[in-house]
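Paired with subunit B in one complex and with subunit C in the other, subunit A is shared by the two complexes that follow.
== the complex of A and B ==
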């Protein structure tokens, strides 16, 4: 066999194995589709209290139609929370870090060391499959909620902004994945990482903009938070869509988000490499 | 009654011994739980940088709101310490069939499954809640009298009882559903409606929710009623204003009765999963 055709054949085999992993992960997720659908529906309930809470706050400031808080009108504030739900649907990785740490502790990670399947590649495909199933299942509820709340949006942004928004969401997914995977891979050194996961969750919740628009933070906290990667997990995509990022710096911000994602990818790879060298597995 | 009380005390002692066996874990979980509370306090401090109150003319200024928040913290930390681990354990026992061993014991099954385990790691939140309550009252410059304090304690107990009833009614459904992994989610998303002053529930969206979560699933009165008893000018002063606290007593009794009936019906439907 010629060298080029052998390379093409190996690549094709690899793509086939990726597709198989993806298909199996989708089927696994669909087993509990009822419970999954119920969970997806319930996740929308907190937005109801946010709508009412912020209406009360804006009323106290000067009225829901006139008042502004850090440049946000009431409608923009609610739209921000709705968009944050989408960002979080991309960047949140439930049980990823704890699952990796558990596999290291229980010895299940051995299978990735003896089989020609890359641990991070497998987990990424597994997560992509779970997210795809989630988006398909949650599409109906998302559509209904956004249709009912369409009055909170001031029309569609232009094509360039939408492109930047979609790219930012995809990068948020990859950034969230590699950050959490790195925390889980620390399990090669510390068998129990639950407290580390909790601290990460807390930082993520507070500094990603999930809880409130980061523009509300006073200086110097706002500038400090801008130096961390967390804002790209929820705040930044939403801010792009709402036009809170100046048009001339939107792509620069997406570029910085890309660099953070690359840094998280490299960190996860290095930690995995060092962790595997340190790992000892015994028994069957 | 005396025997049940002794069993509960023994269970509490066992839980304390278990917690002290894993002291580092206990400290880490307590610290993590406190950090979470601090993040929430920081969020509301930030909100009050931009607004004088929650709602125009509602009376829920910063200190008043933190009395409300502290009350919620106290009630939730009691529920999470005492009942949450037991509700979780109950679901697991039904699924695995271990509930059989509790059914044959000479004590009311509901008492046993409700108090068997204690999670003391969320007790730190209780301390923070009480400290925040005292600090907010000092900030308000008002020392409540003996009667408001006594009423406050009574209504905190009522709030705990309502949340307990809701939690164990949900946990009991495991008997029919077989698997109840969304219990925590459902619990979280239902009780989220009780985390805010009821004045925010206004308009075509808020009013129906206010009615449902006051009279059907009474989570809105859990924190609202006791918190108001400590705050002027929200303290009930006229006879109609006492309607809600009176209703809260009826709602507590009704919730406990419903929970008991659901639990008994679940136990009657229970078919052992073990061999």
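== the complex of A and C ==
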């Protein structure tokens, strides 16, 4: 009895410190709310150009109402594009990797070796806080855009699809976090990781379905891309929502996404462990 | 009770030796040259609970490396250390909750937020009971005179104010061992003094074991009974500050205030004339000859006043450092730097 209450107390203390890290990160984010808000707004500008671009493309191949490009109508294409914006609002991690690498280079990472705080746990909470602030600020603009663009969608999918979609978005967040964190942690070996970040961004750009739906790709590229984790960062959640994933395989796909996330989590942990070992062996 | 003990603590770094010039840089891509830096070379230490110890030594002597080893940031190449019964580089939370490290050049407070927020987070990650937390916080911030700054974002504070708050943050969990790496670096005299006074008071009250590195002799003289001089990664002296004088300073400074018009130049036969501000003359005299010299001066000059002192501490320290660096014990392994050549891994 005494032991369980002690465990419960320790857990409660731990949860409290998580909440405080979260709260402080939110506050920190709000210090620069002006700049942040402007940045968030600017993210919406490309939408207009994208919609116009796809309109022009469809017009060229036979008109926005009839033409289809590899199975996608103009409406579906714009709907897909808008949905990947949401996926990426979850999975993109601006300056996570470079921030970690900088902390390693400048020695700020020492703090996590000396204090009883876990680096990855701290960064995750920090990032969750930043995302939450972002969603709250972007909620209005997102709402306006989706309301204006409601004509591109064919109604709401059913509850099961919606829940798979939401789970997939949350996994996309975690997957994106651990992938980028791993890249940042490579900073334990190299002082500079910006070129690595660039390579990751390129891969992400092409293979996540950020620019176009991945099922447009011809074989064997489609199958190859399906073997990579990137599609779960943008394409997969959107495809679930649009009903592009057959109902019977939706949960299987989310399961695979979960496994990728787990793999990324384990990789990040291992790289952190090895990195700290190297750091403490080398010089600190 | 011994709280800190090291035996043969050794740390070698292997650093990539970058060559000058483009061609050498290109060659460096294929074949790298490494240099081994022996930062710490077999340090044996025993520190009792409640001691206030200063590490002195020139830049690059291994002071900070030693503190990093003891706080578990780095693992040693050889040797052992136990602090409060823990091996530091195992980085157990049980150990991390019992010590603190303050580096004058690194900050741990959240830059954009008031210190009060960072303190609250410390309370939780260190699991400090609320009442104790509030009491410690209020007590320390009051002594340091920074209580009114708790609600101001840290970035708006001066360096001195920030350093004081950093100290408070590090002490909130009442560490049993405190490592201070240049805590007063870059601070003005007033801030330096108040931090010194604070550390003194705090240590007297809580009997915390404190290890400090500092370049300011005033810090050391004001705070530490025990001084460990590290040169080229080895301990060359371990004892009291005044003991350094006896051991390393072979001279005394004799100051004479003359009352007659005889040229000060004549005083040179008693020792080296260090300064002449008529009628005050300072002569450096080897210790064994001091009595003789005084007698001689009194005999040959009309003297208004005469005093005998130790040379300034800084001067002696410089001498200790340079002697240690030149002594044969140090140079046998190549002044702490060994060269090696390897292919890149």
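Here is the rule we use: the second predicted complex is superposed on the first by the 278 of 284 C-alpha atoms of A that agree within 3 Å, B and C clash if a C-alpha of one lies under 4 Å from a C-alpha of the other, contacts with A are read in each partner's own complex, and residues count from 1 in each chain.
The working rule: a residue touches a chain if its C-beta (ideal position, glycine included) is under 8 Å from a C-beta of that chain, and two chains touch if they have at least 3 such contacts.
The structure presented is a predicted model; accordingly, all values stated were derived computationally and were not measured.
J.: After the subunit A overlay, clash or fit between subunit B and subunit C?
T.: fit
J.: Of the two partner chains, subunit B (first) and subunit C (second), which one does A:138 touch, if any: first, second, both, or neither?
T.: neither
J.: Is A:172 contacted by the first partner subunit B, the second partner subunit C, both or neither?
T.: Neither partner.
J.: First (subunit B), second (subunit C), both or neither: which does A:16 touch?
T.: second
J.: Kindly classify A:113 by the partners it touches after superposition: subunit B alone (first), subunit C alone (second), both, or neither?
T.: Second partner only.
J.: May I ask for the angle at the C-alpha centre of subunit A between those of subunit B and subunit C, rounded to a multiple of 10 degrees?
T.: Result: 90 degrees at the vertex subunit A.
J.: Just to be sure I read the superposition right, which of the two partners does A:216 touch: subunit B = first, subunit C = second, or both, or neither?
T.: first
J.: Looking at A:250, would you say it contacts subunit B, subunit C, both, or neither? Reply first, second, both or neither.
T.: So A:250 meets neither subunit B nor subunit C here.
J.: Would you sort A:57 into first (subunit B), second (subunit C), both or neither based on which partner it touches?
T.: first
J.: Aligned on chain A, what is the least Cα gap between subunit B and subunit C? Give it in whole Å.
T.: 8
J.: Can you give me the overlap between the subunit B contact set and the subunit C contact set on subunit A?
T.: none
J.: Write out the stretch or stretches of subunit B touching subunit A in their complex.
T.: Those residues of subunit B that touch subunit A are 28-29, 32, 35-36, 39, 42-43, 46-47, 49-56, 58, 179, 181-182, 185-186, 189, 192-193, 195-196, 199-203, 205-206, 209.
J.: Can you check the complex and tell me which residues of subunit A touch subunit B?
T.: It comes out as residues 35, 38-39, 42-43, 45-46, 48-49, 51-53, 55-57, 59-61, 69-70, 195, 198-199, 202, 205-206, 211-212, 216-218.
J.: Across the complex, what residues on subunit C touch subunit A?
T.: 13-15, 68, 71-75, 89, 91, 93, 96-97, 100-101, 103, 106, 108, 110, 112-113, 117-118, 120-121, 124-127, 153
J.: Note which residues of subunit A are touching subunit C in the complex, please.
T.: Going through subunit A, the ones touching subunit C are 10, 13, 16-17, 20-21, 24, 27-28, 31-32, 107-108, 110-111, 113-117, 277, 279-284.
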